[in-house]
Every structure is written in structure tokens, then in C-alpha cells.
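This is the structure I have questions about; it appears just below.
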Amino acid sequence: MIQTVLNSIPTPNFEYALLSPILIMFAAACLGVLVEAFFSIEKRRFAHLILIFTSLLLAFFAVVLQSGPSGRALVANGTVALDGPGWILQGTILLVAGLSALLFAESKVDPLGDSFASRASTLPGGQEEKIVTKLGWAQTEIWPLFSFSITGMLLFVTANDLLVLFVALEVMSLPLYLLAGLARRRRLLSQEAALKYFILGALASAILLFGSALTYAYTGSLEFGQISNGISSANNAPGLLTAAIALVAVGMLFKVGAVPFHQWVPDVYTGSPTPVTSFMAGAVKVAAFGGLLRVFYVAFGALVWDWRPLIWVVAGLTMVVGSVIALAQSDFKRMLAYSSIANGGFILVGFSATNRPAIAAVLIYLIAYSFATVGAFALITLIREQAGESSSLIRWKGLGKKSPLVAGLMSLFMLSFAGIPLTSGFTAKFSVFTAAVTGGATPLVLIGVLASVIAAVFYIRVIILMFFSEPIPDGPFVVVPSIFTTIAITSSAVVTILLGLFPQVIIDLVSSASVFLR
Amino acid sequence: MNPSAYLVLSGIIFSIGALGVLLRRNAIVAFMSVELMLNAANLAFVTGSRVWGQLDGQTTAFFVMVVAAAEVVVGLAIILTIFRTRNSASVDEASLLRW
Amino acid sequence: MIATVIALPALSALLLLTLGKRSNKFGPGLAIAASTGSFLIGLWQFLQMAARPEEERAVITTVYEWLAVPAAGFKVNFALQLDQLSISFVLLITFVGTLIHIYSLGYMSHDENKRKFFAYLNLFVAAMLLLVLADNYLLLYVGWEGVGLASYLLIGFWQHKPTAAVAAKKAFVANRVGDFGLSLAIMTMFIVFGSVSFSDVNQGISGAPAWVSLTLGLLLLLAACGKSAQFPLQSWLLDAMEGPTPVSALIHAATMVTAGVYLIVRSASIFNASEIAQTAVVIIGAISLLMGAIIGAAKDDIKKSLAGSTMSQIGYMVLAAGLGPIGYVFAILHLITHGFFKAVMFLGAGSVMHATNDNVDMRRYGGLSKVMIFTTITFFIGYLAIIGIPPFAGFYSKDHIIEAALSHSWWAGAAVLFGAGLTAFYMTRMVVMTFVSKPRWEDDVHPHESPLSMTLPMIVLSIGAASLGIILTNDHMFEHWLEPVTGFVEPEPPFSIQTITIITLSVVAVGVLAAIWQYRKIAKVAPKKVSLVVAAARKDLYGDVMNEALLMRPGQGLTRLLNIFDKSVVDGFVNGIGSFTGGVSARLRRSETGYVRSYAMSIVLGTAILVVALLIVGL
Amino acid sequence: MNFPWLLLILLTPLIATVLLFIPKKYVVFKDNQIALYSSLITLLFVIVVALQFDINSNSATQFDISFDWIPIFGISFHLGLTGISLVLVGLTAVLTPIVLLATEHEVQKKNKEFLMWILLTQACALAVFLARDLFLFYVVFEAMLIPIFFLVGRFGGPRRSAAALKFLLFGLAGGLVMLAAVIWLYFVGASQLGRGTFSITALSNELSIDTWTERWLFLGFFFAFALKAPMVPGHTWLPDTAEQATPGTSTMLIGILDKVGTYGMLAILLPIFPNASREFAPAIIGLAVFGIIYGALLAIAQKDMKRTFAYISISHFGFIVMGIFSFTSIGMLGSMVYMVAHGISTAGLFLTAGYLIRQKDNSLINSFGGLTKVAPVMTGFFLISSLASIALPGMAGFVAEFMVLTGTFQRYPIPAIIATLAIILAAIYMLWLYQRVFTGAEVKESKNIVDLNKKQILILSPIVVLTVLFGLYPAPVVKIAEQAVSNTMTYVGAVDPQPLIGKAVTP
């Protein structure tokens, strides 16, 4: 009896090899938990470092080895799509997460240790906090959380099923909520950031989930391909479906930080420990846009004429509002947060083109932006005062005199954000605008141009402050980081320059892999 | 059966949840409202499952419950920390980060 | 070969300016040598030309291709045209120029920048020669502005005096107004004839529509007015007297200011083709000759009085040039004789100033004939020449112009006759005030005769002023000489020539007597209470006042206004965009309240809007 | 492929930049020497290329070298020489060593950095004139903002930051609008030709764009070029920048880089958008004429020398633009000569005045007076530069201005007449400035001004020599640019107007 029932259920076909990047990271996360359980507090950090970097490398190699044409398939019963964009997104996430991991690991820039609270449970400013800090303890739980989050991202960008998408979203987000609240310094702000991120994130994922439910109710399937079929077979889009699309869109747009769902971004970016911020601005952004692309191109592709105008509006709003508000910022991290919003807008411009070049353009933009942004955040960690990072812009005056190298690299990233040619930012903007023009979104390009000019102001202002002003007395100082941060910054800078000078490599790679499987 | 009634109900629950997030100051209550929204989605899933005669929707509801449980863990941890620091679970008090 | 005439002074100027102080010692000598060399070469060329038959006298030498745009059929050569007209000028310029170089040796002997002065003089000679030798209008323009530059530099030579610097600039700007006309004329020539050379324009003008000759005529007249200080661009000339006196003699009397006359005569074919343009020339000439004379009669500054006289005499030439073929030759003749007699008088004035500690006020002269015998005699010869007493040069040239003017119209004749009377009046006034009347010197003045280097040129020039008229008009030599270039038609005045001579001489006599009567007693300080005419004349007939009221003030206002406009409106617009965006930013920033519930609100509202919008789009 | 002369020209300053940062124990030369020698080597290469340049060749470009850059978009790293670019490359190659020499002591502390930016500026300028690929052109067009931005912001006057920002934003605004147009043009090309291309030659030869698209694209490009050139009313950045920047920077900026705007009009706008160019020409001529007079009037009203020079340049750029859009051979060639003449006279003005300004750290006109006596040589050089700037006949500026005016007059008499008024205004602004600074009574401030020394005289002499040389013999510029200009005329479909009567003189 049982045997027959079991036989009637087909054995799920599970492509372990192709899923190995996700599985590796998942395993790393689980092992990390075990490390927490079984290693003494002195050895934990070391073990975690070995574990995380090994797993990241392994996962990346798994991506590289399998991402060829033969490795493109719908796997796990069609719930995961390992296609060109999927592989590229996974690879990018792993690399960018790797850079963030280096920042997570950095413990030399702050005399008290790494960027995370020694014990998150201690009261900020309390006696206990002082003691654990003095003991030099570290909250090593960040590592498994980090690995879980990466696992979620890898799955999120390849999810071909609304349920998988939702689960991946949560796997990706829940650790982030925690990580956001773990800053060593300015813990009140950090905790507040975690709370805000959590409540709003939960709200957004609930909205996404409800949208998924309505989609399911309408199409009878959770799988993107079949949703698409279900939509095409209907004559017109009834209210149920349009509402579903809108709700799913909100869930995704929240993650990418599009206006008007962007308000969490500045607060969370500012409050979180800087390595976590870099992770959010880099890897999470890549993942969120990856998911957005797939859901809308594959599942809701048939209704492109319905949702595209809205994306236009959102994209325009995001670019303009992000750039305009950034103008008034006096805190560098917060400014970068708005910059991240504005950049999200530019990516949406490419996204709104809804053609093959658009996919490539979005991917190029994501790669260019994520590396540069991680580099910029990494540099923030080096510019310090007694109380921690010095992110008040006005205090950066004359930084170029104190450390031409740090200021110079920062300028490089700023120029890249501003889209000056010969940096990766220009390559990115060029591809996005090209895609948009090809896709008929020229008016959006004009708004993008306008926003770029506004955005240039605040990027350039940073350079002006650092190089054209005299240093203030008792201003911030620049610390020399360990090898970790050095590698992170160097790689970001190299990628930023190389993508600017020789964009061909990446464009070729991405263009050859810009088709979604459905 | 008429599935639209169930969907309408789930919509109403969802809206109540959303309003709860907007209106309630206490972080825990706000969080519970989010749970309500998730459950509204569950209702819609189950309705869809029934309409299409599949099990997928019902399975999904279980997944959602599990995820919700995980969310509770994380959420309570965060809220607890906040409460310990500020002696209050009001979301309005956490407004240092702005502009 | 002819190019060396220009090259000698040009190279000398270049050398003196680049070597700087190192050439202080030999500078003046070199400059004089260069100028003399030019004169000798010019003389040689003249003798060769005179030896050739009439139709082979004009020679064009192309030095090189200056500017060529084959696609547009545009070609201008650096080519020199040596013909009867230009050689006359070459001789005048180099001869008078050399003499004034020599004179300057004495006059400027104490100036620390003597070398620079000579360099500028050489530069002037070179530019002026280029002006008269060019075979096309564009190259002429180079010389035209070159002399303007030299004039600018020399007027402002004593630039530590603000007045000199201002005067120099004024002269240049006024000239540029004229250049505006010349530029447009050249451009018009190009679009009409496809060429700017004299010969092509001359050939083409006969077939051109009437507006061409009229336009060109008026534009060239404007150019001539600027350069020759004719109404309404006259006011710079009086200020130009700020320059050292040799400069006034050479540039602002004998040569440069007459370039306008040269231009008109050179463009004879254009003016011949347009009666309106010719009439305009005559009118301008008439106005200027009277204005200049009136101003000259009222000024107490000897140089300014002479400047007024120059303007007046050039008015004669311009008027003559406006008369057409009956006048061209006499315009040039008068130009040459004027070059001599006005130069001698300017040099005389310089000599007087030299003797009286650079005083220019004639009311503080008087009785100088007793102490400055050479100066007095040479000046007096110049005086007789300018008021037209036979057999001095001015008589011949001016009488011919009066004849020609009378044969043109009664009003032109009246103007020149009245002018002759005025000339007699103010020149007599000058002679009386300077040389004849009782001494009214300043206390520390001890007048003395100038050194030989100064008196010698005056003597030589006065010989010319006395004799050139007879020599050149003998047997209509000058008419025949120039006829192939300018054309010549015998004037047919309404009265006989004898009658005209008698009338002229009586008018002159009246002028002389009036002056003697008027200035039998001279106050040391100019009387305040004077007639309206004198008051106006002292103020240059309100030329400057008009310029200021009509051009300068509104111009200054306009530029100031524009500056404000540029800052506040144009740049303000740009900055306004900036501050507007900043303001919007500051406001939008407040939307980020920090309250998580308000964030949730915008998410929910956004969701609602999105749903509704999608529903609308979907419908 | 040809011998890569153009690559050598381009690489020399870049290599020198790298050499600057090699520790001194490995390099025999001092920083200044490295920069100077590299600029001289560049000049040498340019001369070699110029001597080999075939002025009669019908091919669009010479000395081409091309590498694939982003093949998927049809982008290549394509350098090529037209007559027009050769003239401007020559100008760049000549002015850079002069600027380097003249500014040798302009900055004491950050000398290495200064030299680096100057060399990078030169490299960008060379690249932009040599680029035959629109994408490459755009990239350099934008990239060259950066060196100047730093030159202004790092080495300028008290309000240099604001000036640098303004400069950069204007540049970016223009550049980004142009970027949109570049992309659109690419899209148009790709859909029409079936393959995407950025080759300027291909875009000019093969494309026929529909009317409205062409108009918009034209405006997009024109906006960028007009801001760069700068044309009124997009000019306000220039006075601010020039006022704050050091004289050397201003020379590089106004003397060379701003020519990119006018170069772009001549080499890109006209060939690629001939119809729109013809349509908009009257309006642009109007704008140019307005700029000529407006700039000249404002130059009169300025109180600061450097601002005056800036407004003078604005006026002069009006002339250049007017010549280009006259669509006559004379006008366009006149613009070419004008670019050279303006580059040289600007250098003369800024560098000579720079020697003065540096001594007092002050460029207000009123704070000087009667300098002739204390600094006669400086006075002389300044006067010559001034005269060159106001187009005194016999100087390069005259030939240029006359050609531009004549060319315009052939087609647009009224604008030409109005523009001619500028020769009067020019005399006023320049001589009045000269009068106030150099003549009159000595002001106390002027007492201890030191005159130019022998070395400085030597440095400035080439400027004077070139001005007079091109004034008396402009043929080198005209002959080199002639074929390229005639190609442009063909693109635009313009024919030189014939004289009213009589035939044109056949050469």
C-alpha cells in the first residue's frame, strides 16, 4: 500500500551538480552554525574565515565551470532556472559577496576589532558591552548569517517559481535584518535600522506573497513559464491579475529600493555596519534586480504593454528623486544610499526596455555598479575618527592632502558613479541608455540624462571637498587596513577601470548569455 | 463554490493587516499585522488550490507558515533588542535615522 | 625691387624693437638711414618710370600668393602696384618722412625712449608705403591699419600722460569705425567681382548695377572719414596732438591722414560710377573744411589750431576728390603741397614749443620772430603757401580746387571760397599771436633758435612749400602725369580763371585783415565771454560732446547693463536651476521622516496607486 | 596598417605621465624636463606627420589606425587624420610646450600633479581631434573634462572649487545630452544599415536620417558643442573658470580644448546631419552673431583681466561658429584659421598677463597702471597679443576674421555686417584694457613689478612669430584644411556662391 503510493509519486529529478553553487553556500551556512556550536571562541573566527572563503571560491568555480551552454537548464522540476542571466547573476553575487566578506573579516581598521558588536545582546553603552569588548570577543554568528543570505540570493536570482522566489527572498532577507543591527559603534542607530528594515521588509514580502497568491489563483501555477502561458491564453488581463502583478512588483521594487518604496534604504544603509551596507548595496541589489528581471520578463512578459508604462514612471521617479535628495545630504553613507536609489533608477531604465539588449544592459550595470559601490563603502571604513567611521562629508575636507591614495580611489568611484567615460560607470550607463533607446524608451533616457547631471553634482562635490579644500584641524584620519580590505578595494578599483577601458570582455560575456529560459 | 468570495475575504484580511502595520505603534502588534497579511495570502493560495484542483497552493501555505515562523524568530530578536535598549517597543521612538 | 622700399624701414623697425636697449646707440641713425634708403630707391624707381613711355609706367610686382581659396575662386596676392599715383606718394612719404626723422633727432634728443620713437616712425613709413603700394584693397587694408597702429603708438608715445593714452585709443577706435566701412566695402567687392584687386574692381564696376558703386562709394567714404578725420569722425585728430610734434607733422598732417583722399582717388572708377556717392563726398568735404577752419580759428593751442587746419585742408582734398575727374589730380596736388607746407608749420610749431618749454598756448607766445629767425621764415613761407598767395605752392593747388568746385556747383564753390577766407583768418591769427605781437612769455621761458637738425628739415620743406606749386603745375605736368591713373577733365568754371583768382585773393585778403584787426591786442588768458560760435569752436564744435552723448554714454550704460544682465539673468538662470534643485532637495529630504510607519504608509499607498494605475492601463 | 604615427602622437604624453611617477632614482630627467621633452617629441611627430600629409588626397582620412574596441556595438579605436584635425593637432602640439615652459614656476608645491594634468589634457585634446569613431570621440570629449576640472580646482584662485564644479557640470550637461544623441544615432544607424557602427566616416557617408530624427539628433550634438565652444547663452561658465584658473590652465582650456566644440561642429555635425545643419544654419548664425556682439560688449564691462579675455574668446567663438555655418569655403577655412589664430592669441594674452598676475596674485584691471615704464618688454608682448586678438591686419587673426566675415557675407550679408561691428568693439575692449593696465601714471602696486626676463621672452616669442607668420602667410593652414573643408561642403551639399558679375579668378 505504502509502496504503491510512493511509487505513484515520481522521484523528483534533482540536478545536484548544477545546483552546487547554491548547495555549497547552504552547506557552508550549516557548517557555520556547527562551528558556532563546537569551536572555542578563540578559534571560531579563523574557522569561519576558512569556511566562508573556501565556500565562496568553490561556489564561484562551480558557477564558472558549469555556466557554459551545456549548463543551461531548468532544474529541480522547473523551479530553478539556470540560464545565462542566472549564471551571470550568481557569479556576480558570489564575487561581490566575496568582496563584502573581506570587509566583514577586516579587524584592523578599528582598534576595537571588526565592525560588529562584540555581543549583540549587550546593552549599548552598558558595562557588559565594555567588558566583552575588552575581552576582544566577536559576534561570529555573522558568518553563518552571511552564508545563508548568499544562499538566498543565489536561489532568488534563479528562482523560476513564485514559491521558491518567496522562500529565497526570505532566506536572503532574514539574515540581513539581523546583520543590519549588529554594528559595533552607534549601536542605537544600527538597531533602529534593523527594526525598520525588518518591519518594512516583512511588509513588502507579505505584499509580494499576496501578489503571488493572486497570481496562483488566476493562473493555477506558481511556475513562471506556466504563469506566462496562463496569462497569454487569457484574452485580456482582468483586475485580479493586474492587481497580482502590481503586488509582486511592489515586493520586488521594495528590494531594489525604487521610489516610492525606497525610504528604508537611506536609514538602513546609514545605520548598518558599513560592511553590511556594502553587502546590501552590492550583492543584494544584484539579487533583487536579478529576481525582478526574471519575474517580469518570464512570468509577466506577456503583459509587458500593461506594466511597462508604470515601470517608466517608477524609473523616472527613482532617478530624479534619488539624485535630487542626495544633493542635500551631508553624510556620506546616506548620500551613497540615495546614490544607490538613483542608480537603481538607471537600471530600471534599462529594465524598462524589455528586450534582449535590456537584459545585457541591466547585467552590465549591476556588475559595474556593485563593484564600485563595494569599493566606495570599503573606503569609508578607512576614514575614521576616534568615535569610529567619519562619514560626515564636511569633515572630509582636504582628505586628498592626508591620503592621496584613498582620496584618489574614492574619486575614481565617484567618477564611475557619475558615469564619466573610461570608468565602468560609463560603460554601464551607455549600455543601459542604448538598450532603452533601442527599446523605445528615449524619453526616459532624457530624464536619465537630466538625473545624471544632478547626480554628478554630489559625486563631484566629494572630490571637491577632498581635493580642492584645505583640511580642517582635528579632522578624520586615514588608517591602513589589513590585506582583506586592501584586496577588496583593489579589486573594485581594477574592475572599475578595466570595465571602463575594455568593456568588450564583459559585454561579450553578458550579451551571449542574455536569454532567459522559460 | 464561488472562489471570488474567498479571494475577497483574503483581500479584506490583507487590508486589515496592512492597516495594522500603518496604525499600530507597538512593534509586536505591527509585526502581528504582517503575519495577518501572510495568512491572507495563505487563504488565497488555498482558494486557488481548490479552484484548480491542485495541491500546490496548499503546500505553499505550509511553506509560508514555516517562513513566517522563521520571521518571528528574527523579528522578535530584533524587537527584543530594541526593547532592552529603549524600554519601549514603540516603532515611533526609533526615529533617529532620518532625512 | 619695389618691395625693398617697404622692407627697409620695416626691417629697421623690427630690429630696433627686438634688440631693445642694445640698439639705443645706433637706433636713430639706422632709422634715418632706412628711411633715406627708401627715399633713394623710390627716387630711382621714379626716374626709371618717368623714362618709360606713358602706358608702360604702371607695374605690378607679385611678391607671393597671400591668401587663396581656389574652391571659392578667392585669391589675394601680396602684390605691389607701382604707378604714377603710388610713386608720387612714395616720394612724398619717404622724403617728408626722412626729413622728419632728421628733425626728430633734435626734437627727441632728450627722450629716454628715443630709439622706440624712431622704430615707430620707421614702422609708420613702412605701413604707409604698403598702403599706397598695395595692388588690392585687402593689402591696402593691412597698410591702412598698420599706419593706424603706428599712429596709435606715436600718439600715445608719452603714455605716462593719461590724456595721451586716451587720445591714442580714441584715434584707433575712430579709425576702426572707418575700417568697418572698408571691411564691408572689401567684402562687397568680393561678392560682386570675385576679386579685391584694383584692376579687377576697376574693370568690373562699369558692368555692375548702380547699387554696387553707390554702396562701395559710401562705404569707402566712411573709411576715408575715419582715417582722414572728416566729419563725422573728426574728433580724434585734435586729441591726437598729444603725440610728439614730429608725429603730428608726419602722420597727422602730411601723410597718414591723407590716406582717405588716396583711397577715394584710387577708387576713382567706383565714384565715377555713382553720382550720389560723389555728392556725398563733396558734402563731407565741404562740411569738414568749414568745421576744421572754424575750430582752427578758435583754438589757442597752436597744435590744435594746426590740427583744425589739417582737417580743413583735407576737407579741400576730399571735396576735390568728390568732384570726379576734374578734381582727382588737384586733390592729389593739394595733398602733396599740403604735405610740405603743413609739415613745415608743424615743425615750426614744434620748434616754438621746443623754445618755450613745451608750451602750446599761443597766448603765451608773441614776438618770437626776433629770437627764432629760421623758424619764423620757414613758418611764414608755409603760411603764405596755405593761404594761397602766389607763387607759393598752396596757391596753385587750392586755386585749382576752387575752379573745379565752382564748375561743379555754386555751393561747393561757396564753401571752398569761404574756407579760403577762414584759412587766411586763422593762419594770420596764428602768425600774429606767435611771431609778431608783443612777447607774453612765461617768466622762466628763454626762447632760442632750435638746433640745425631741426631747422634744416624746416628749410628744406619750406623750399618745397614755396616752389612745388610752380614746378608741378608748369605746363600741366602733374595733370598729365596722373591722368593715366585717375583720369582728368579740364574744369569749366562759370567764370574765367583770372576772375576766380582775383575773387579768391580778395577773400583771402579780407581774412588776413580781419585777423590782424581782431588780434591787435592779445590777452594772456583766453577771454571767457565769447560768441556762441567761438564757444562751440573751442569745444571742437561739440564733436566730442555728441560722441559722448550719442555713443559713449549709451554704450557704457549698455555694457554695464549687459554685465548685470549676464550675471543675474543668464548666469542667474543657470545658478537658479542649481538653487532651485537645491531647494527641492531640501524639501524632498524632509519626506524621509524617520518614522517607520510613514515609510510603510508610502509603500501601501504606492501599492494602491500601482494597482489602480495598472487596472487603468489594463483597461 | 600604416605606421602608427597617430598612436605615437597620442601615447607620448601618456607615457610621460607614467614616467612622472616613476621614482626619481630610475629616471634621469626632472619632472619638468619629462613633460617638456614629451611635448617636444609630440611636436616632432606632428611635424613628421604634417610633412607626409597629402593635401590633395581625396580619401576621408589619412594615417588611419584602427583596433576593434567593442565590436558588438561596432565600436573601434580608430584614429585618423583629416586636414581639419591636423590643423588642430598642430595647434595642440605647438601650444603645449609653450604652456609648459611658461608655467614652469606657476605652481611650486604640486608641480608633478600639475604636469600630469597638463599632459593628460594634451592627450585628451589630441585624441579628440584624431578620433574617427564617434564613440571614441564621445569618450574623450567627456574624459577631458577631468584633467581640466582638477587643473582648475587644484591650482586656481580663491573660488576655484565653485568654478571647477560649474565647468564640469556644463561639460557634463552637454556631454550627457550628446550621449543620448550618440546612442540614438547608433540606433538609427543600426536599424538602417543593418549593423551598428560608430565610424564617423560611415555615418556621414551612408546614413540618411528622417527629417525629425535628424533635427533632434542635430540639436543634441549641437547643444554639447555649443556649450563647449561656448556660445551665448551657454557661456557663463567660461568667465568664471578663466577667472579662477591659472593662466596656463586657461590657455589649455580656451586655446585648445574649447576648439573641440567648433571642431565637432565642422567635423561631425555638418557631415552627419547635413540637412538639419542647413535648416538650422540661419538660427545658429543669428546666435553666433549675437554672441559676437554680446561677448564684445561684455568684455568692455569687465573689471578683471582674465574675465575680459574670457568674454573676448566668447566673441571670437561666435566668429568661428559663424564661419562654419556660413557653408562657404572661405568661411569654413576662415574658421580653421580663426581657431589657430585664436589659440595663439589667447595663449599670448593669458601667458603674458599670467607673468604679471602671478607677481601680484591679482588680476583686477584697476590694481595696475602705467606698467610700460617698469615692464616695457611685457608691455610690448601684451600689446602684440592684444593686437593679434583684435585682428590687426598682418596678424593671423585678421586673415581669419576677414575670411569668416567674407564667407558669411556671401550668404548672410546682414549678420556679417552686424558681426563686422565687432571690429570696433574689439578696439575698445582691448585697447581700453591696455590703456588702464599699461599706460597712464604708475599705480603704487605697479612699482615693483619685474619685467620679463630673457627666458620668458624666448618662451613667448614663438607666439608672436606664429601670429605674424600666419598673418602674412596663412597658406599652411588653408592648404592643409582645404580638402577636408571641401569634403564637408560636399556633405552639406553647399556650393560656393559665385560672384555677382565677372568670373571668379581661377587659380
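Going in written order, the chains are labelled A, B, C and D, and every chain counts its residues from 1.
Everything below uses one rule, namely that a contact is a pair of C-beta atoms (placed from the backbone, for glycine too) under 8 Å apart; a residue touches a chain by one contact, two chains touch by 3 or more.
Everything numeric here is computed off the predicted structure, so don't read it as measured data.
Every chain gets a centre from its CA atoms, and the centre nearest the mean of all protein CA atoms is that of D.
Among all pairs of chains, C-D has the largest number of C-beta pairs in contact. Remark: subunit A and subunit C have CA centroids separated by 79 Å (rounded to whole angstrom).
Separating the centre of subunit B from that of subunit C, both taken as means of CA atoms, is a distance of 96 Å. Look at where the CA atoms of subunit A average out and do the same for subunit D: the two points lie 44 Å apart. Centre to centre, using the average C-alpha position, subunit B and subunit D are separated by 65 Å. For subunit C, residues touching at least two other chains, in rising order: 589, 592, 594, 596, 600, 604.
Counting only residues that touch two or more partner chains, subunit A has 195-196, 199, 203, 207, 266-267, 457.
Not a single residue in subunit D touches at least two other chains.
Here the chains touching each other pair up as A-B, A-C, A-D, B-C, C-D. On subunit B, the positions that touch subunit C within their shared complex are 18, 21-23, 25, 30, 91-92, 94-99. Within the complex formed with subunit B, the subunit C residues making contact are 589-590, 592-597, 600-601, 604. Residues 195-196, 199-200, 203-204, 207, 236-237, 239, 242-243, 245-247, 249-250, 254, 260-261, 263-264, 266-267, 303, 306-307, 309-310, 313, 321, 324-329, 454, 457 of subunit A are the ones touching subunit C in the complex.
By the touch criterion stated above, subunit C contacts subunit D in their complex at residues 17, 20, 64-75, 78, 138, 141-146, 149, 152, 156, 159-162, 164-166, 168-169, 172-173, 176-177, 179-180, 183-184, 186-188, 190-195, 200, 203-204, 207-208, 212, 555, 558-560, 562-563, 566, 570-571, 573-574.
By the touch criterion stated above, subunit D contacts subunit A in their complex at residues 68-73, 138-140, 142-143, 145-146, 149-150, 153-154, 160-161, 164-165, 168-169, 172-173, 176-177, 179-180, 183-184, 186-187, 190.
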